[in-house]
């Protein structure tokens, strides 16, 4: 039976500062080695200063994943030499003197399967290696320590997954959950990384590392299962090892085993006393924890009578659920939800677009109101949205500027219809035989009015004109 | 002398610690002697002891604030082109 | 001008216009020039000292607020960072390392108008008991230059003892302040773990080490402690001791106090005859001062040296891992090197004792051996803490000779690893338990110093200093022959 376990590293990008020093948590905008200080560089005599909010946010994650949480947390040193580690050890968490990591024994539902969470721990990210130079000879290993010390939460699952698809689903659910909790922005490059371990028939466990994206993870797991199955079929032993995902060739390859087969000499990080987290603190955190996605979804369905599919999409996206909550006044909830999921999500499908967007809740509620009161058609609304996002101008001004006003004046509409009937003589003929053709003519009117014509009125007038019921 | 930790193990550890033991015998022998002395710990009868640690409270921890380091740390480091730190080639 | 005056008397001298800061500093520098070539207490002298002195004199003259130090010259062990100055830890590996920031203790003293006159010699990375393991040559005991000054803060001890400066800051991991204090006949205090910030102290064994004062008198240690203790947001292990004035009532005496003579640290097998003598004498002295002295046994003491070396090797193995010469260190182009061999090359510059500790530090916490060594050592430490807590329910102080032997000749102890380790026998208990301990100069026998160690419970420095002061006042020692 195939068993797959996942290990996720998620950066707490919503924090202001690194895990052990006041440098910025989000290092992405900095020139190389300019987001550093004596602490994260491991300058002699420097000492780690644990970030209080990191502990709180990590505890939130543990709670959201239904984990048990400790009364005291401790930190340990994982000692090994590597150029991206300024101290040649990583400060991380372990559970060797009782349970002292931020959470353990949790669970999360993926479809109708329950995935158990083995443990959650806080640790620091190393720096980044950059390779420069064309040939093997001239290749330089350059290090940028801007990322060193960035707060990471490591989430380790039990090998409860059975298919690559489940893994992918889980990653999406986890992503949404972390974003919803406001602890991380998983869309940021490098903010969420995952490794997998795969075993068929429960014997040798193969770890797969160096996976660049969630998409690759699914592929890597799929490949590895196939590889192991084919070995098993030929009665060849599956070696327990670590393999790397080779993105170029789309295969997993055996990683050269390091001589010192993982001897980390774990011991307590004495510079950080054990931190007591009392029940009061935990309760406070729970009380202020953002509403979960599933709870939101339930609420949207029951309170606003929104369909489960729309509720699902809306609740899972923090940005849009926030917009929805702000914009709706209960009576227009369904319409707001609709516009968001049908039109706005497509227009603001990337982080950059969302950041630049000038659309706010008022625009949205105004828009729905205007549609309701026939001041603008549903299709003109889309054009309006485009402009709102770009300029942020009030809806009334945009309708004027772009001349998107609803054409519902019978007189004006009749004139246009007369025009169309003249232009589309053949259709007029056909319509008399085939009443469905009238829709074609409605379309032409809409075209002519650039979507501003009231569709119902147009249909009615056309039918009258053609003498159809 | 039979109970001395064997030389090979000590050499392996030296490699782990990135210590190149050119002059093997001097260091190894002395380390063996020190380890032999540490055997005294076996008679301390401390199996059931709980380890004692320093503790603190969550509210004593550093507040999450970005404070850029006010000095140019790169000046004090070995740099490549003034931007990166150059590391030796990795295998 | 008497360069042998205490810090407090220096301050009075300045206040009473007996001399200026510049005069005192200038004469100190001359004296250093005269004696330090032989004694080698210093690795580096501060060439801005006169300039600083002039500035402070100007401040005094213009009636501005002057810090409590009034420009007194203090030396600092070379494992404590001062911005813009080299901090080598007496190692070749940090030969050219210039600290980019200043340690909290020195910042505090700077704000009190101290003048750091130089950085002192030590055993490399604080691993040693005699400065014989300094990569820049040993320091000499001013009482007899054929003999070691103790370590690892040997240079600090010498600089104070030989009147090259008024006081010094050392660091103590297993006795490294108290041992040279005893060997050089000065006062050396290891504060409670967490009382003084370690921010800027290059870590060797971070779970037990502390920075502390080395001074001519007990009052001076109290004076310095007043300025350097306190919670530091840059060091999460610092603890609150609630606004103390360690100088207040320092002469209160010890009448009626209960003193425990630690049996395991004072039995005749472990001590040299002269040290045993001095210890018995000290006991009588304490009794004459009105204290009740009684033998007390600390059963874990015989295991403390093994536990100490196991724990400190582990921590040192980790704390020194960063010295791979990649980010800072000394000149060595990495082109042509592969990663592992570059690091090995860098670390080949480490001295023999440090190398041995690195190997031990890789061995004792490793997966296959941690149970037998490292974990057991932690448990010994814990049991010892419980013992100490229990003992201090009954006693106010514990005493022993600081070092089981008197200063020895260069080369004498350096070859036998076990007898070398045993020199720390009386001092490591205070480090492992975090309690404060002070060495008070007590006797000079055969021209060489013997110090007595007094220990008290955690955060009881105030009464500890009272006991030390009381003992000190009974003693009239000869002047150092420098």
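Should a chain be cited, it is by its letter among A, B and C, assigned in written order, with residues numbered from 1 in that chain.
Convention: a residue touches a chain if its C-beta (ideal position, glycine included) is under 8 Å from a C-beta of that chain, and two chains touch if they have at least 3 such contacts.
Keep in mind that what you see is a predicted model, and the values were worked out from it rather than measured.
Taking A-C and B-C together, the pair of chains sharing more C-beta contacts is B-C. Chain B has its Cα centroid nearest to the centroid of all protein Cα atoms in the structure. One simple way to say how far apart two chains are is to compare their mean CA positions; for subunit A and subunit B this gives 39 Å.
If you average the CA atoms of subunit A and of subunit C, the two centres end up 55 Å from each other.
Rounded to whole angstrom units, the spacing between the C-alpha centres of subunit B and subunit C is 23. In subunit C, the residues touching two or more other chains are 100-101, 233, 236-237, 317, 321, 324, 326-328, 339-340, 343, 361-362, 366. Counting partner chains per residue, subunit B shows two or more touched chains at residues 16, 18, 51, 54, 56, 61-62, 73, 76-77, 85-91. Under the contact definition stated at the top, the residues of subunit A that touch 2 or more other chains are 38, 41, 43, 49-50, 81, 83, 141, 143, 263, 268, 270, 273. Taken in their complex, subunit A has these residues touching subunit B: 15-17, 22-25, 31-38, 41, 43, 49-56, 72, 74, 81, 83, 97, 129-130, 139-145, 256, 259-260, 263, 268, 270, 273-278, 281. Put simply, subunit B touches subunit C in their complex at residues 5, 9-10, 13-14, 16-20, 22, 26-27, 30-31, 33-35, 37-38, 40-44, 46-47, 49-52, 54, 56, 60-62, 71, 73, 75-78, 85-91. Those residues of subunit B lying in contact with subunit A across their complex are 15-16, 18, 51, 53-59, 61-69, 73-74, 76-77, 79-80, 83-91. Per the touch definition, subunit A reaches subunit C in the complex via residues 38, 41-50, 77, 79, 81, 83, 86-89, 141, 143, 263, 265-268, 270-273. Per the touch definition, subunit C reaches subunit B in the complex via residues 98, 100-101, 194, 233, 236-237, 300, 302-303, 305-307, 309-310, 317, 321, 324, 326-329, 334, 337-345, 347-348, 350, 352, 355-356, 358-364, 366, 372-373, 376-383, 385-386, 417-418, 421.
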